[in-house]
């Protein structure tokens, strides 16, 4: 009985303390940058490498003396893939932590959710999510004033794939996508851009992000005899798709994966089934394959080396988006200091920024700064990537 | 005809009840005269409680009709039957243990007032007035059954004897014309049993017809005007207590039931 | 590219459906074992599957134990976790209401999931298929050898359980608890021990399901919840408490998903399974093979 | 036994009124009113759910669906068709009520775990519709551009104004619900919870009352959804998934099912735990969350609203 009493009192005290506890974060003379990533939850495959990357990068910057002699202080919140939490986190970064700029969120949907907040508080937000809608206001036809993003748009990946298909003379295709934000936005881009490349979509199949088997969908596709399948997915399911594809003896139908496949981990998990799979990738995934005179060769090789050494896991594309975002912001801080409007202007006019995923050339009409060149088609060959032609 | 309706509050005609092939009530016919106390007795498994459940609408009979005040009620749901004027208690006490004694009786008044969700949420004056009226009449009933001083207690906390009384009180609150009591004396000691019998008599004296299932023969013989004996779902005897007491079929059924 | 006939397509859907359904069925059987003894729906059931898969990966792939050894060790480890859950989460609850118990098992599943993400990280893991990955062609449908393993494990589990519950004294004692815990304790059965045993047993079955499915679908830390939902659906569809019902329910849900995805609309395949479930519940509230007596259960 | 005292309600209302001012004085909790807006929105749902579960004894694992119906109806009609936000709010509540009546009529005949599964299935089906009907709902990426609320020219665009709006609704819903509980309707509900056969023998139309309460909880859920959509200006399906329904259940259980205060306490506590306090545990956050949940479930079967009763019990002895 007494144990129970003590436990109850402890619980009450715990909650009372919880109410008062607060993080003390007041390093005088540091640059504060906020970050919101989906570190846990349904999109942890995005947020986890992003968080690891930016932490590593911030450490490196601070070890090299910080920015203009000031420390770079990174405040990272985890939104768990939840719109409400994400919204609160961004507002908290702005109003309480008083950061100079925000990077993230990891998900397109959540980025769209916090655009109004960034615009209202006039704070630069560099999203790490792909959708073109993040930097394209459908009402005005222009980018949102304070919002940027570093990942390539889905449309770029789609165009890279379609171009490749067209060169091979293929136009009868099937789509299989996951019913998450990543899959749905890829799917809608595939459908939107199909007429431009004269693609005939004969099947449009879907599966859930936690499904165990996609044989049924692939069998249906098989019955429609397309010449290529484009799979838009992320996480373990895309590996299952690859395996099912091979098991069903469908290797005669080329399989194109989205850039979400961009990790050697996936090739390994596919256990041989990924041989011959095509996919569009940014430079940071194929650092070793880049020619020595490639402008991104040194930044990407550096990142690859440091990341794998520090975290002992293969690199995924997504960490690179975080790298680009933080690097961009810290370059801005270096030249203009913690002045939100000036940071915005700086990024908007930044040209020739060498990032993990391409050469960024921002402009008032383009808050992404990348072109289709940011994607290269690769093929899986002998458990590794190989450049296509 | 109209005199007959006046005479017989309840009339069962050819009631059959089967559960998955098992016949629990077999072609049952009987009448309950207004203002009397009628007891149903019979060995365990004779179908007494099922009969109550059929009359009060928990089950619809497989065949046959149940007439209440000359109207068929066998297809009505339990709550509709309550509105017709039949109220009941349960063999194993089914009080609302999460409520006070008073609230239990107040719930018994449910059929007497219309409760509207919106009106009660907005505390309209009419719903407040109704509530007050219900409260007063519930207190009156508590006084009648002798639990007035315990009105604030939780129904759970009462001893079994008082729980049984309270259940009767709750059944009375709807001012029924027919009250069905399922073993009101089961599990009670002698004083409590005595209290219960006199309460039943008092209820009957106020003009309420009573239908009773009871094992305690002393109670049954003491208070009933008429007795119906069931065995294996069939009527084996019906009549005034002294007739039934000497009926050889009844004695046989009871002894057979024991052996 | 050869054209696939409709008949082979249908066969393919059926095989896929039965395989996925077998996993749901194993989860459902696990639900029932605990439910029958305790009236608890253990929402951490899916976590056993996840733990089974990931532990096997660690033992077999990372530590290099041969399958024949890794398999029993995995089951024992997960079983121990099942026992711990009973000891530290279910046993201490003083006034168990159905809702409290549901919340407790949800809390347990949150803790397990969090711990698993800490141990294994958030990345998926693969397990080599038990007998290779060379698909077999049956009448134009393609079958992975692992499919037979999954279905085979379900069959073995079903047979082993029916022997356990019908032939062994402990099994009979557990059934007695299921029928009437008070009566069981009166005849000297230790009900607490039986509850413990039910958690152990259903953890073991969950682990088997996890080991069987990982070579097909990979495994990661947050896979459990969805499997628990599907398994719960299977239990209710078949009728709470009925083992044949659980297996039937699992196979039906798996098949509806597969045929729904193949023939109708793959985006709505989960919805089809649930709509069928709802329709069945509305017409037969105790599930397909459920007993109306068992469905008359506690209130919340 | 069930009298709900007026004084605590008054104190509570006063606290709600002055809370933004208090928060403004302390820099570390300056952003708390923002969190309280969401806590208030969840309170609206839990008040209805508490009536349904704690008083009428019916479980619902699909409450997130009604939250979503309100949010999406408000979102789609205002953002895509430019309709009046308040009118959309009412339309949302009407639709939620109709859906609840439609689904509730067959579902509420089910008992226990069967009812849990039926409502869970309903919730998932609605979620799949939000996810799949991309042309209407924007699909998994959600829909943005939902306008804020305004009334007679006053814009609810600051945190404070929205805070008072939401908590105004919460207070009205709370008082309305307390009145219901203390009336004949509440008595009938508790009777249903305690014994359905006895309740119907006393003339309580069990299925009608269950459906009324289910509809009421759906209407409150839908109202909360509309308020959510207009505050965040954005909605996406994952906000309305099964795990949110479970979270609502956890709020009710943690706060205490058998007391309407439990709905408020639970909603506020879970909101702050998951959006603010547990943040400091970083990677361990989930584990700590689960541990707190288990701890409270094991130690406090009546939830936190039961704590005063336990403490009183100590002093009595």
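To keep things simple, chains are lettered A, B, C and D as they appear, and every chain counts its residues starting from 1.
Definition applied: contacts are C-beta pairs under 8 Å (C-beta built on N, C-alpha and C of every residue); 3 or more make two chains touch, one makes a residue touch a chain.
Quick caveat: nothing in here was measured; it's all calculated off a predicted structure.
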Practice item. Could you pull out the chain whose C-alpha mean position is farthest off from that of chain A? Key: B
Study note, to complete from the structure: Per the C-alpha means, the centres of chain B and chain C lie apart by a whole-Å value of 48
Review point. CA centre of chain A versus CA centre of chain B: separation in Å?
Key: 71
Review point. Once you find the CA centre of chain A and the CA centre of chain C, what distance in Å lies between them?
Key: 34
Study note, to complete from the structure: dist(centroid_CA(chain A), centroid_CA(chain D)) in Å evaluates to 34
Revision key, fill the gap. Residues in chain C with touches to at least two other chains are numbered 117, 225, 267, 270
**Study point:** Multi-chain contact sites of chain B, meaning residues that touch two or more partners
**Key:** none
Check your understanding: Got the chain D residues that touch at least 2 other chains?
Key -> 131-132, 193, 283, 285-286
Exercise for review: Would you please name all pairs of chains that touch?
Suggested key: A-C, A-D, B-D, C-D
Review point. Which positions of chain A touch chain C when the two form their complex?
Key: 40, 42, 44-45, 48, 179, 205-208, 210-213, 215-217, 219-220, 222-223, 225, 235-236, 239-240, 243, 247-249, 252-253, 265, 268-269, 271-273, 313
Practice item. Write out the stretch or stretches of chain A touching chain D in their complex. Key: 4-5, 7-8, 11-12, 15, 18-19, 21-23, 40, 42, 77-78, 81-85, 87-88, 91-92, 95-96, 108-110, 112-113, 115-116, 131, 133, 139, 179-181, 183-185, 188
Exercise for review: Would you pull the chain C residues touching chain A in the complex into a rising list?
Suggested key: 1, 3-4, 6, 9, 12-13, 15-17, 19-20, 23, 117, 121-126, 128, 133, 135, 137, 141-142, 144, 213, 216-220, 222-223, 225-227, 257-259, 261-263, 266-267, 269-270
Check your understanding: Quick one: in the complex, what on chain D touches chain A?
Key -> 27-31, 34-35, 38, 131-132, 134, 139-142, 144-145, 228, 232-236, 238-239, 269, 272-277, 279-280, 282-283, 285-286, 295-296, 299-300, 307, 310, 314
Study note, to complete from the structure: Per the touch rule, the chain D residues reaching chain C in their complex are 53, 57-59, 106-107, 109-114, 116-118, 120-122, 124-125, 128-129, 131-132, 193, 242-243, 246, 249-250, 253-254, 257, 283-287, 289-291, 293-294, 297-298, 301
